[in-house]
């Protein structure tokens, strides 16, 4: 066990892994429980999400990983009867608190969904829609942000000549990258990706994965995925969920080559799920 | 008789029923259009009606029908939209929502004559207005509103959930999402429903009998001042609509050419409703093409 | 990412950053819901109190009202206020119309879903929609100019009769019954049909023994809804039924319904007079019957869920 402390930011961390240097955490989850009515979907999990990394959440269907993800940007509020207990600390605040302005929160914690869901508007408007709402009106500024976001999402070259065409005319993979672009445009700190390429063909999937690895330089990414190969390819740390419990959370390399918990090993080798 | 024969017989019966239904429609429509269209001329449409003499037209009644429709829609569309948004986006399952749904159901199933009586009580006598366009429009609102609420609610619920989630996840408020994402998507269906509802309102008579009345004052169509007594735009005047006119010339009227006037009016009414239906269908298929083509 | 504004200010709810557009929108929309509830309550209260005037203020006996067959309100010496003939007329014409329209409507639905499922619907559906679009006065007018003379010449009586009323109404409620019956039949699970055919049943046997019983609650609802519509129809019926104050003894006799009496007499009775008040009481009966129909339909729908 190595205990380190950072003088600069005074955060104490305890690691059980062989990490050579200190990583800053962007999210701290403490004893999080999520209920749908009487049914408990997530049973008291605690974990820290590192800044500028890709954290993968894996596990069989119904294990609670998507529920957990959606609680981070308070999307579970949309479901009647859903409630969360415990803490998720972001920038020192518990974002589960009723005092939080969720609208402002979601600008900083963005989400990309499983099925690409661009607005039935032009490519340009898809990106500017949320920007205009948050007060950016100047056209030149909007144009810059659109270009910047599309470039970061590796989509600019493909659409720069048809920005005002409908977003629905793009292919599935392009639509998903557009959804990523419009999330990037809000300059979030965290990006939550809920099985972002499960609805895409393998080539688009590869492009999206490349993109994610690039993006972690500027954003902290949490990705839920059914695809274990994907998790092992692109993530730095992986968390394995089962029946609402966090079974194991460690460096990706370790999870996939030498997991500590037997259940993890069984899932990885395909014995269930 | 064995089962095969019975089956064939039954099939025959069902086909006969279908034929009967179609013949009824064809018969009705041909009767109306053949008998009516020959009386519909520009002269017919622009001449004021007569109470005792032959040769009366339907100018004022036609105008009144349209005007009452417009006023009714001006009231019911915002209210219906608001109600639909509430039911689809804000209402939580529970006693209150059930109560509202029951109210919608009740309002939608009241016979129009009962609504006319309520209109008479409230908008004619209690308010002291007498027979007015406004009173008629308010009475029509009572049963048009549930239709529009239902239309709006269904259209909003039909908008895919992930569109709403996409907008909310970007840090946009609920109301703004409704305004800028959900309503635009739901708009075509709402429009179709509104046009169909307009068609029904146009042909309504029983509710207007005691609220908008059976007469129209002398109108000066060049007078556009809505506060003047002679202006057709004045909503505080009595207004006999086309549908009411058909009824009154057949039951109370003394004009000798009652059949011609009624036939002509019936043709105009039916054609207008038909046009509304066609318009609604056309818009519906255009939307369908738009949605399926780009996806 | 440089955070110039500290987290607490960005993320916590406060007076200034809590969207008031949100609150405004919610308020507007709740207002609409409130209006609908108030309208329903207002109608019930107003029509209720006005309808009771003739009993409370004018002393008309409720029992006489509902059971006497003599309607003679203008008789100075001995006014009589029995509306039974009209109640009878309303029920009679409603049931008769349902008798005709139900088999036609359900038959049409079965045609669309079982006999010709691919093209039947495309053909009949627009027909039904067009029938709905014809305004009730036009039905009344055609009834008056075509049906009444026809009945008079070829069947008997004055032409103005229960028969005419029944025919006009049945055509008017046909679309209602057909539409709901079609929904009922088409929402039956395919497995029901497939199971029956697999056992070697003919189509008619399947329809008769499997499908109709399965769809029965909704089919009944369709018929009841049609009847509710028929009960409340005023102008079309009024133009063909004759409007007499006696109970008809045959289909060819003229009759009157609650709706037709109200339509005819509201205009020329003085507001506030006894005769006028009794018309409002008849309107109250109509209102009560509407509620009754709604309750009946709800009961039938809840049976379906079981």
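We just call them A, B and C in the order they show up, numbering each chain from 1.
Just so we're on the same page, a contact is a pair of C-beta atoms (placed from the backbone, for glycine too) under 8 Å apart; a residue touches a chain by one contact, two chains touch by 3 or more.
What you are looking at is a predicted structure, and each value in this text was computed from that prediction instead of being measured.
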Graph shape for the chains shown, where an edge means the two chains touch. Line, ring, star, complete, or other? complete
Comparing A-C with B-C, the one with more C-beta contacts is B-C
Could you grab the centroid distance between subunit A and subunit B? Build each centroid from C-alpha atoms only and quote it in angstrom. 50
Just the number, please: Cα centre separation of subunit A and subunit C in whole Å. 55
Roughly how far is subunit B from subunit C, going centre to centre by Cα mean, in whole Å? 17
For subunit C, residues that touch 2 or more chains besides their own: 19
Set of subunit A residues in contact with two or more other chains: 103-105, 108
Junction residues of subunit B - those touching two or more other chains: 173, 176
Would you tell me which residues of subunit A are touching subunit C in their complex? 90-93, 95, 99-101, 103-105, 108, 187, 189, 218
Spell out the part of subunit B that touches subunit A in their complex, as residue ranges. 92-93, 160, 162-163, 165-173, 176, 180-181, 184-185, 294-295
Listed in rising order, the residues of subunit C that touch subunit A in the complex are 1, 3, 7-8, 10-14, 17-19
In their complex, what parts of subunit C are in touch with subunit B? 19, 21-22, 24-26, 28-33, 35-37, 39-40, 42-43, 46-47, 50, 103-104, 107-108, 110-112, 114-116, 120, 123-124, 127-131, 133-138, 140-142, 144-146, 171, 174, 178, 201-205, 207-208, 228, 231-235, 238-239, 259, 262-264, 266-267, 271, 280, 283, 286-287, 290-291, 293-294
So, in the complex, the side of subunit B touching subunit C is made of residues 3-4, 6-7, 9-11, 13-15, 17-18, 20-22, 24-25, 28-29, 31-32, 79-83, 85-87, 89-91, 99-100, 103-107, 109-115, 117-118, 120-122, 125, 142, 145-146, 149, 173-176, 178-179, 199-200, 202-206, 209-210, 214, 243-244, 246-247, 250-251, 259, 262, 266, 269-270, 273-274, 276-277
